[in-house]
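For reference, the structures are reproduced in the following blocks.
In the two complexes that follow, chain A is the common piece, with chain B as its partner first and chain C second.
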Partner chain A sequence: MSPILKILPGGTAIEARRGETLADVLEAAGFHLSLYCGRRGLCGKCFVEIVRGPVPEPTGEERALLQRRELPQRRRLACGYRIEADTVVRLPSESMLPEMPVFTHGITRSIGLAPAVKKISYALSKPGLSSPPALLDLAKDRFHEARLPESVEALRRMAGEARLPDHQDREVTAVIHSNRVLLAVEKGDTTGRNYGLAIDLGTTTVVVEIVDLNSGAVIGTEAGINGQTRFGADVISRIAAAYGDPERTGAALRTAVVDGLNQLIDALCQRTGIRPDSVYEAVIAGNTAMNHLFLGLPVDTLAVAPYYAAFSILPPVPAEDTGLRVNPRGRVYIAPNIKSYVGGDISAGLTAIDLERRPGNFVFIDLGTNGEIVLKKGAKMVAASTAAGPAFEGMTISRGMLALPGAVFRANLKDGSWVVRTIADAPARGICGTGLIDIVALSLKHGRITPRGRILDPDKKIGIGDGLFLVQKDIREIQLAAAAVKTGIRMLLAGRRLTVADLDGIFVAGAFGNYLNIRNATAIGLLPRIDRAKMFFVGNASLAGARALLLNLPERVRCERLAGKIGHVSLAMGEDFQKEFIEALNLEAWN
Partner chain B sequence: MSPILKILPGGTAIEARRGETLADVLEAAGFHLSLYCGRRGLCGKCFVEIVRGPVPEPTGEERALLQRRELPQRRRLACGYRIEADTVVRLPSESMLPEMPVFTHGITRSIGLAPAVKKISYALSKPGLSSPPALLDLAKDRFHEARLPESVEALRRMAGEARLPDHQDREVTAVIHSNRVLLAVEKGDTTGRNYGLAIDLGTTTVVVEIVDLNSGAVIGTEAGINGQTRFGADVISRIAAAYGDPERTGAALRTAVVDGLNQLIDALCQRTGIRPDSVYEAVIAGNTAMNHLFLGLPVDTLAVAPYYAAFSILPPVPAEDTGLRVNPRGRVYIAPNIKSYVGGDISAGLTAIDLERRPGNFVFIDLGTNGEIVLKKGAKMVAASTAAGPAFEGMTISRGMLALPGAVFRANLKDGSWVVRTIADAPARGICGTGLIDIVALSLKHGRITPRGRILDPDKKIGIGDGLFLVQKDIREIQLAAAAVKTGIRMLLAGRRLTVADLDGIFVAGAFGNYLNIRNATAIGLLPRIDRAKMFFVGNASLAGARALLLNLPERVRCERLAGKIGHVSLAMGEDFQKEFIEALNLEAWN
Partner chain C sequence: MNNPNEILALMAEAVVEGNRDKAASLAARAVADRLDLHLVIENGYAAGIQKVGELWEKGEYFLPELMASAEAMKAAMTLLRPALESSRGEPSSEGKAVIGTIEGDIHDIGKNLVSSMLSANGFDVIDLGADVKLGIFIDRAVEAKVDFICLSALLTTTMLNQRRLIAMLHDRGLRGRFKVLVGGAPVTRQWAADIGADGYGENAMAAVKAAKEIMARGAKP
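Moving on to the complex of A and B:
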């Protein structure tokens, strides 16, 4: 008869096969233990209490770990314990994979803390063995199925690090990536210092977060303008700049973005006191063109039909190849591109909101420079990118600016006068996306502009005060951007024979965050009219997705598989688009 | 009821599960089809004839392949054919994995032709697709489970190569390694040009073979002296040279061996007309110290107890990191080290003779500069290395030389005069290992030296003619070398409670090859007395092993697993060794 395993707390009872390890049975039953060293019995993170059932003598490693941590004697490592009879186990919370929230507002979603970069410390064995294992084997064998890196230079450095220090008992720390590759061997026990970067590589804005991979906590965040903007405001103009002269302009574009990122990384490290050498991984969520330019890959094929990207899914690349100022032997993981014009920022965003596992029909809109839209109908997803342009990021608008301190992010019209709020209540310096939407919507409501966007004031200007204003061209830019998004949503829905009423929810991502006034956004037609409870503002989903991919290795596999499955709709093809788009230019609500 | 599959020729009948592919069923039954592209239906190498049973409509790929090769219409690709009913198939010989002989003499052993480097050509799809797959996906998707390389530089070059050529229909060729990593994309169909190098990296001699990976044929061979010999004749003196100054001397030692190999590679390429760019892999079989020095890894830990090596098993490293003049994006695979003093030359040698799968008790002796010995008792193996030194390679002997043209390789004493033969019948320039053994054995037999090695002639010289001779020091060197090997064999046997009589065979590897006179070798005690039928001279087993590992990827996995399993005996420890060794110095037969 099969032994029965009862799990406390909760009391779930499951049938096990004799000889199976507790770790395997618990994993299969959905209890996520912390199996840090890959079931090698070395990290001591998966201790469980054997409440009833056989308690075999502890192994040497177990005994040492139990003593060092002063744990009760009935604790055994789940990865080594084989079930032989009916057993009752209690799972201590510290042995479970900790869960981290992905969003701080908008929606609830958490992921398990299982980063790609792991560290484990060990003491070099004393001399006297007649033929000891190889030095680097000692390091990689701390982890399951690890191998040595392919780079001979990395091997050389590591062989030096891993060798016997002057004091034979000194500890060293092995650093591994993806449970697969040994990255480095550090002197001493450095397991407490393990950091990673989550990077939102936007066409206009770049944001870098430094994350403690031991706790999942975000230690600091820095944002700035993508240094490539001087080559052009949108993706197309960047590609055009690199086109035909990939050697020179391509390299300049690469340098521009890498230098900008390094400034943010330097600032973060300085402010938090974290050494760049303790950062072994960066995860980058950016659109396809940004990914290519960041790596210095040619983008000319992205510029002409049939718009070939160079890659979709990339294994993590050596950090030193990218020029990012983190540990040179670290890795940079690029969130997978879905298609030439739907990139890793979107696959990361979908990971952040976990769209795949939500039953029902949903629309996900990322209001960045491109304005990508993903429609999920049942189990299937299709994606499209619109040419929304950077208007909502304040670019191409006379007094526009990013959502930074001093930006008007909320506007109201009271008794004919504008009442505005600025970010951080700083003196007004410009208007960001949500402010623009408020101003246009209220100007429309109060008859200062027509539904076709014409400013009725003879000055052809909407003055806000503090030297801020919108002119006719600015309104046109906003109309074009809103129409692009609206047309995208409408065409994706129509293509899948859905209407807004069929949707279980709309996720809106982008710098807008909580600030977007939904009534105003629907009044100008940017978003369809839908039950407020079905509208989720998730803020910077790309960044949250980059962080999720940084903290949870299995999510990468899911994300890559998902990216390969999503269909693509090319909006600009055919007359339908023209017709839809021209209609959509009207500033009016729809559903 | 399960469908029955009958296989022609031969008529084997096996039960299949409905829906299984023919390829899977045949593989499981031990019929090794050529599954070059990893069951993707792209290479067209696994066509079988459906003699009876359902013949579904050919797929697009199948139809194209059938037409191009003018194959009978009842042929289908085994990787795509799903068994639905009783079926009779005929396996054409051209669809089976070709078998290559590993040795040209000594023993019979063959391996399947399944190299790590594969090429497959394809035509880029025409434009007009709304969102085509990524360019590098097109290349890597030709193979099963391939991924892109980690090197960003390799990606950049490849992204350029894989892009749309001027003529849309032109073919390109994807090059893959280990079914896993895309190495390059070449213009045109280059599948006919796929070469590899098998390298025996000896302490004294290096041999390079260039092998056609499409046919398994050896196209050319070059041999030379390891350029490191000027730093010392044996492993210990090389390590000593690098010890303490790894930066300078280590680099010089690395350069010495790499330059020497490159000269041989250049000569081979020139002579055979093969471009170095068509060589995407080299497999190196060398002892642990040679491996480390070749890669520029520190060897100081190999010099002091407990004699740590840096690595045992290494993933294939980028060729450009090593400095070998082959395609820089190719890979160099190092046969796995067993222990610090039993290296990849021995694991390769064991692969060549397939010792693991031979039932019984065996001794494997590699008479190179070290003189490594492996004893297999039942399923278990132990290895030891002796300090035989390079005497049998002619080093440290007054008139010694390598087994090159002009070397005395056979000697006889007729009517008091020496009758010798030289390699290639060239004018005598020196004496190589087999010649030395002949001379010592016959001098002993005819009373010119005593069993303790003393030259009885008052000149203390054994003159051979042509200015060649042995002096007392030379005899001592040969005594020491033979005693080291003899002691090693005896101690390994004793440690496992075996005698020579328990052995099913002795494999003797080394440059000696067929030339070794077994009677003379046993007369001086180098080899034990054993039934001639149980003695196998396999020549350069390291080189044969490197070739086997070059031609058959699964053999690498087996070899790495084997290397991890072999125990190690440190001979020089303890008094037993001293005693045995001193006894073994006597020139006499034993068993």
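Moving on to the complex of A and C:
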């Protein structure tokens, strides 16, 4: 007769097999305990209360943990408890896998706290006289199936740290990556100091978050301009600069981005008082060209048709090889590239919004320099890069600028006069993407420009005050950028025989964040007309995705698998591309 | 019956409006009525394209308008060219060209516009498409005995292939046989000069102008 397991609170009853581990049965039934040390009985985070049923004697480790924590009776580690008879267990809330929300507002999505880097403290005992195990074995053997690192430098360090002075028992902390690799052994109990970095490596802007891997909380954020911008505003110019010259220009590009990141990391550590040594992992979400340049891999294949990448999925690489100023024994994980220019920023973004698990048809757009679009139809996804260009980031526009203090991000036309708002309410000194969209939409609405984009005023200028204006050429740049995105959406939809009406939602990510005025974006054709309730603004989804990948190891596996399955569409190769694109230049709403 | 000047004005108008049907039907009438077709092209349709160029420069006209005008012009030329040829007894063409987007590059809207405009202006154009291997450009140019090779490139990386093609022409002893015209977003007059190209066009209108100038320079006395 199979033993029955009853789970409190709630009272769910399940049939188990005799001898099965309680943690496994609970996991399979959808009750996620914090199995921090990977079921090795070391971390003490999966204690449950045996309400009714056999209560075997605790193991040595268990007893030590029970005593240290002063836990009440009948508590046993679920990872070590085998079900032998009908049992009733109560799951204390502190033993459940903590969940963190991925977004602060907008869409709800949370992930379980299961980071790749874990710190577990334990007592290292003096080896016995007759058959003394080696030092590193002592450290490693606590972790069933764990491997020592391959780096000789890491081994030297570890042997140094794990040494027992005066040959006495000592407490140490093992730093373990993906439940397998022993990265380091630290003296004493350092489990309280376990941090990671989530990095959005954008073409123009770079954002770094420092995250507490114990709580999942973001402790601090720093943002800066990508140091490579002096080589070119867009990814293509940088690739062109590096083309055929990896030794000098390629290396210079790499140094520029790594130095820039290190400056942000240093600033963050200073501000938060966290030592870089406590950071054992950084997850980087960047587009394909950026992550290649960061690692110093050649980008020549991205420069010419068919524009293919050097890699899509990489194992976590040693931090010391990347030049990032975190613990050199740590790792750097690069969010996987999908194909061609559609890269890790997108796979991270899809992870953040968990698109794969949302039933239905969706479009995900990342409105940045590259304007990537992903279309999900049922279970399948396709992606394309629209090369919208930097117009939406304020570049190539006469009085355009990035979304920084002083940028006009919102504009309204009231009784013939322009009323604008600037970022940080600083004196207006330029117009950023969302401001440009507002101005074009309202100029169209009030008949100051034709749907073909022609400025009717004989001066060929739309002045908004403060010495700021749009000229004819600026309108054309915005038409081109909007047409690129619009054509991308239309062609992807047509390619899968879908219409806007078939969509269950559109996710908009990217620099615009919350500033984008949907009505105006729709009026100029940048986004299709769709029920407002179906539009989701998710801000910097790449950064949120990087954080999700940092905090949840199984999400990486899912992300990699998904990245491999997403089809790529080359829009420019489409038969109707020219016709669609030319038509899309018209400023008008569509669906 | 409209007086001749009125008809020419209507033809120009058809091109400026991008009205293909109007342009074609006026051309058909011109042929049927045995009007002086050179004048029809010069003062009628070409005058229209000239106006389109001015409107483009002023920013009044953008890609859609340009495309539509080029198409209207092409529609008229399709009817006028055969009639011209049969009356003169020899093929009338401003010149012959192969055009394509260079190897490694798939962007072709700009190139298509230049191709249309050259056709509209009386050139014989063989459009090789996009991502055209350098060898193919040269082979087809030799085969069709063209006057020039037009190369479009959108990226600074693929632009480098324009220089390579000119070098290839040198290697094959063919440099003197063809004129090379280059263009594309990153291409500049300076670049064209640096690589030894014969001409440069920053947009479709300029490309036609450059092509005509090259042909005029090379015209035998």
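What to note about this one:
Here is the rule we use: the second predicted complex is superposed on the first by the 577 of 591 C-alpha atoms of A that agree within 3 Å, B and C clash if a C-alpha of one lies under 4 Å from a C-alpha of the other, contacts with A are read in each partner's own complex, and residues count from 1 in each chain.
Throughout what follows, a residue touches a chain if its C-beta (ideal position, glycine included) is under 8 Å from a C-beta of that chain, and two chains touch if they have at least 3 such contacts.
The model shown is predicted, which means the values in this text are computed figures rather than measured ones.
In the superposed model, more residues of chain A are touched by B than by the other of chain B and chain C.
Once the two complexes are laid over each other on the shared chain, residue contacts for A:N586 go to chain C alone; chain B is not touched. In the superposed model, A:N337 makes contact with chain B only, not with chain C.
Legend: residue contacts after superposition of the two complexes on their common chain; A:R90 is shown touching neither chain B nor chain C.
When both complexes are overlaid on chain A, the residue A:L135 reaches chain B alone and has no touch with chain C. Using the contact criterion defined above for the overlaid structures, shared-chain residue A:A159 touches chain B, although it does not reach chain C. Legend: residue contacts after superposition of the two complexes on their common chain; A:R452 is shown touching chain C, with no touch to chain B. In the superposed pair of complexes, A:Q479 makes contact with chain C only, with no contact to chain B. When the shared chain is aligned, chain C comes close enough to touch A:I236, but chain B does not. Once chain A of one complex is fitted onto chain A of the other, the partner contacts of A:A305 extend to both chain B and chain C.
The interface of chain A with chain B overlaps its interface with chain C at residues 305, 570, 573. If you check the complex, the residues on chain A that touch chain C are 236-237, 239-240, 243, 303-305, 452-455, 460, 472-473, 476, 479, 570, 572-573, 577-578, 581-583, 585-586. Note for the complex: chain B touches chain A at residues 127-137, 147-153, 155-156, 159-160, 162-164, 295-298, 300-301, 305-318, 321-322, 337, 339-341, 568, 570, 573. Against chain A, the residues of chain C that register as touching in their complex are 58-60, 62-65, 67, 103-109, 112, 130-131, 155-158, 160.
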